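Each of the next two complexes has subunit A plus one more chain, namely subunit B in the first and subunit C in the second.
Up next, the complex of A and B:
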């Protein structure tokens, strides 16, 4: 449905009374959105030009926070880590989600059970999932190293080794997210008209050709939408890192939101944290706007 | 976990569908594909199975390496220990108040606003709708610091003066937890989309009888909106029940911790025992899975239209 549809009705003059009652309906929600989203977005921007903290009086510092930010090697590492995480999670999640959706869009035995199982991790609270995976990765008593030992492979310090920790977090995130990708792809698959497949089969097309020439192209806008959602979401990763690694070892899993949290509540540098937040916000906003454009063009 | 999935009901559904269309032809590729599917399903449930298995293990057993998948016995004591751990009862109450408070307020405020945007004529309607759509794109995680500062500065709350200074505002209160989540752009958008689809005739006779907008909303449109309200309710409950970041930042007092915070404290504590931690994780995970299995179809539809997850 187009976002603009409802506004195309006849425009009548609106009485004072109609305005009054409409705004009475809207008021509670608008106050909450103002306090929880609009004001914070503006406040972040303003704060990023100050050195606000609980420790000393606030003063205006211009672009100092941003200059500091772009020369801060720790922030650069966090940006690098966040991009590593985002790419590492996004693509495997989409591929696995697509494969699962294509498989379960057919009449295979137990398809509802499979769907339910693949969707279970999505429902699990992030913290429960993180705690369970912290146990799975536990080096001395954890099941993963247990299995490796049984099949004769060396155990690994999954979350303690700087070269492994980020990938360990990525595997957990794929486990948790691919159910979402599957569900969205399933919805997309159901929108593909059956005639296309029947015509292709009449022309003698084989399964792989049908998949690559019909299914994948017909899903392109769903794919793009999913890509945006996953990028926006993985850019903001925080909870799993807080529980499993606290940004360590050696800063190898410190992401932008984790560093933002540390800067604000660990070092009470709210101004500097706001500058990080603004950079993150603008990046995510850019991706969201692209995503919305795509959604509108498709007129979902 | 799979026995929770009501296999009997599912098999009936599948059988009903299977009659309409045949299963794919038997060939080698299909068999390999099906084995991969089974492997993926096993890999997906494995962490859950380990969670449950470890939750029944003894205190010595959890340090055995390599760990055995089948516990020596069912040690229910771990569940009692998890529930008896300091503050667990209080955390459950806190989680319920937060999740229910957030759910109820979302249902009320989002349906009111959605109704106004869909069916009432007023000046500024397009502007407000554009604002709501725009706010859909604001990433919540990047706003936690200013939201914290705003909640702290609510005037007259927690010893604050009229300028919001001097006290602690709504920090460490239920109001503080619920307020920023009490209405969401997504909820308003979803309800607005639903109300737009209902034909105007439904309320025209009531209007002629002189019913007030609120009466029309309450008596005619809200009852029609039950399926949408169910989706909004489940998604709101799930997102507040599973929320970690906001309660973590807002509440410094231990007695305001929710179950999610409690689980994290239990796991990171000095005397953490994996069996008790896993018992707690099982207890937290089960309610959401049960609610999901009961409302499966609605929730999946909602998740598809929103692309939002918990």
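Up next, the complex of A and C:
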């Protein structure tokens, strides 16, 4: 918007041949983008209408893979698990990130150290973190159950019980992601004009009112941005599940992306896996479009 | 001058787009040509998953081959897990590139063979006498009437025991359980659950992942007189009375006898598994269990897995050579297979890796038998049936059966219903092929 406003005079259209050198310079990047992004996406879409296995002759199967998908109880379970994970991670991550950002936006001693500590998990290798968390959750020798036992609570089979395993993964994801939310919220908080807070205080507003009526609304664009980013990210969860549970027990942590991987490389049903991929892509695209439109309406 | 040149080129949008399209179109041709040029060199490209405890044995085999066949330039790549090698293989097959030779877990080879991507080795290796090989191991490479992979070695399954915990319970570790009733008594006797509360020591660590759940069920199924598939591999055989009996026995161990907790042992495995932490007195052991157990200080031993009414059963799990159809250096690949199947190399590999050799004579070799654990795993291998569920739908079948087993252990389903549901799905898969 600011760029448009700063342009003085009518915008001149430049003919192609006047700018051919610019296109020539762009061409390598465009070719790479085409090969690495557009081509695989189109190929996946086309594959989803076939029974390609890379081992046997491929046939066109129309919408069979999609019909099978919507009747596949394992896929339905994976969708349910993915939604469970997405909701479980996204909202607590945002709430914790916001609270940490607000706390560390104050002039409190050691705030830089706390910001660093809270952000450190984001920088940790996911696989290394997953291995450490698998140890934390170890039912008999793990430190988490050690703590529970000491305070008189029964130890829990965190990753071994179908009703607990996904929640255990969610806790790990929140630990890892809330640092990102905190940093983004901190940036947002520093953009809120101080005048608003001063005016509110003059009007007699107290801390809670100020937080709910000024801070939260002023951060709405950041919140929408984070919401979309986290939804897109959590829909694609794979690494932690691959390392910690391999989709078990009883498929309770099998997410759509993990099932895609298993279907493609475990069962060599690449066409069916491509159909799952396309459905996931369309879902994420829908969330992205909705989020972008909401953000545009808010003139972000 | 410059303007003249620019004018002469006459850049237009159409020319630019045509040029870009032509360039893109030529890329696959160039890439394919260069790929073929690289593949056509004289190197024998060998991909394997001879990693971990098999690494030294694999390296020794390759070194010996290089000495014996200096004319073959061997270029080998190592993959830590069969699944990693599989990912690499599938993408390589898709790109019509890939190795001349692989050593891979048997079920992946069946998948490649079902797509006619492997050379039939029965005819291609006239100097390897299949009658000299362990029939149980060999059966896993036999599909569509041909021998598409050749076992380099295998692992077998027995009942791994912690001698200390077994002795403390007043049982004789030198004489394992002889039937299911004794297995049950052993499991109950060694389970430690003070006050009926938290499990301290499990009688048997049942499984760590789907594959182990499947193997446990298969052993019990065989022990009850059943088999996974019918003799012609055209239909599931696991959902009959033998399968129900096997799964009921397993459920009773967990639910009635509480010899373990559901899910106990599920996790990353290795040194972290409960058996290696001395929190389980028994487990279904393979050759691979030995090193970690000994490293963890467990007084490890292995005894045969009992059948329901006496006698023993086992499973073997071979890792096999396969030669890629269309590979440029098939001749050199076959030379390596032949070399590795020789008596000398079979013995050397078995001693170094502690795995069961495919060659029957090597199994009885004095150096192989001198290893106290390897000799026991060779003994347990002798109890394995000479047939195998050698079907390309095996990976799916394994997942489905393991899911059914876990549903029963977690009391989400009954044995007959869980097995019936799994069998229906397996039947559909088998029909589809």
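By our rule, the second predicted complex is superposed on the first by the 270 of 300 C-alpha atoms of A that agree within 3 Å, B and C clash if a C-alpha of one lies under 4 Å from a C-alpha of the other, contacts with A are read in each partner's own complex, and residues count from 1 in each chain.
As a convention for this text, contacts are C-beta pairs under 8 Å (C-beta built on N, C-alpha and C of every residue); 3 or more make two chains touch, one makes a residue touch a chain.
Given the structure is predicted, the values throughout are model-derived calculations rather than measurements.
Novice: Touching A:124, do we find subunit B (first), subunit C (second), both, or neither?
Specialist: first
Novice: Touch test for A:138: subunit B only (first), subunit C only (second), both, or neither?
Specialist: Once the two structures are laid over each other on A, A:138 reaches both partners.
Novice: Using the superposition on chain A described above, determine whether A:56 touches subunit B (first), subunit C (second), both, or neither.
Specialist: Touch status of A:56: second partner only.
Novice: Figure out whether A:249 sits in contact with subunit B (first) or subunit C (second), or with both, or with neither.
Specialist: In the superposed model, A:249 contacts subunit C only, not subunit B.
Novice: More residues of subunit A in touch with subunit C or with subunit B?
Specialist: Between subunit B and subunit C, the winner on subunit A residue contacts is B.
Novice: With both complexes superposed on chain A, which partner does A:288 reach: first (subunit B), second (subunit C), both or neither?
Specialist: The first partner, subunit B, only.
Novice: Return first, second, both or neither, reflecting whether A:116 touches subunit B, subunit C, both chains, or no partner chain.
Specialist: A:116 contacts subunit B only, not subunit C.
Novice: Which holds for A:159: it touches subunit B only (first), subunit C only (second), both, or neither?
Specialist: In the superposition, A:159 touches subunit C alone.
Novice: Once chain A of both complexes is superposed, is A:265 in touch with subunit B (first), subunit C (second), both, or neither?
Specialist: both
Novice: Once the complexes are superposed, what residues of subunit A are shared between the subunit B interface and the subunit C interface?
Specialist: Correct list for subunit A: 23, 30, 35, 131, 134-135, 138, 140-141, 243, 265.
Novice: Would you mind writing out the residues of subunit A in touch with subunit C in their complex?
Specialist: Contact set of subunit A toward subunit C: 16-17, 20, 23-24, 27, 30-31, 34-35, 53-56, 131, 134-135, 138-141, 154-155, 157, 159-162, 243-246, 248-251, 265-268.
Novice: Which residues of subunit A touch subunit B in the complex?
Specialist: These residues of subunit A touch subunit B: 1, 3, 5-7, 12, 14, 18-19, 21-23, 25-26, 28-30, 32-33, 35-41, 43-44, 47, 96, 100, 103-104, 106-114, 116-129, 131-136, 138, 140-143, 145-147, 149-150, 175, 180, 183-184, 186-187, 207, 225-226, 229, 232, 235-236, 238-239, 242-243, 257, 260-261, 264-265, 270, 273-274, 277, 280-281, 284-285, 288-289, 292.
Novice: Touching residues of subunit C toward subunit A in the complex: what are they?
Specialist: Where subunit C meets subunit A, its residues are 10-13, 16, 20, 23-24, 27, 83, 86-87, 90, 93-94, 111-112, 114-115, 117, 198-199, 209-210, 261-264, 266-268, 272, 274, 277, 279, 395-396, 399, 403, 406-407, 410, 412.
Novice: Could you pull out which subunit B residues touch subunit A in their complex?
Specialist: Interface residues on subunit B, with respect to subunit A: 1-2, 5, 7, 10, 13-14, 17-18, 21-24, 29, 33-34, 37, 40-41, 43-48, 50-51, 54, 62-67, 69, 108-110, 112-113, 115-118, 120-123, 125-126, 128-129, 131-133, 135-147, 149-150, 179-183, 185, 188, 193, 196-197, 212-214, 217, 238, 241-242, 244-245, 248-249, 260, 263-264, 267-268, 274, 277-278, 281, 284-285, 288-289, 292-293, 296, 300, 303-304, 307, 309-310.
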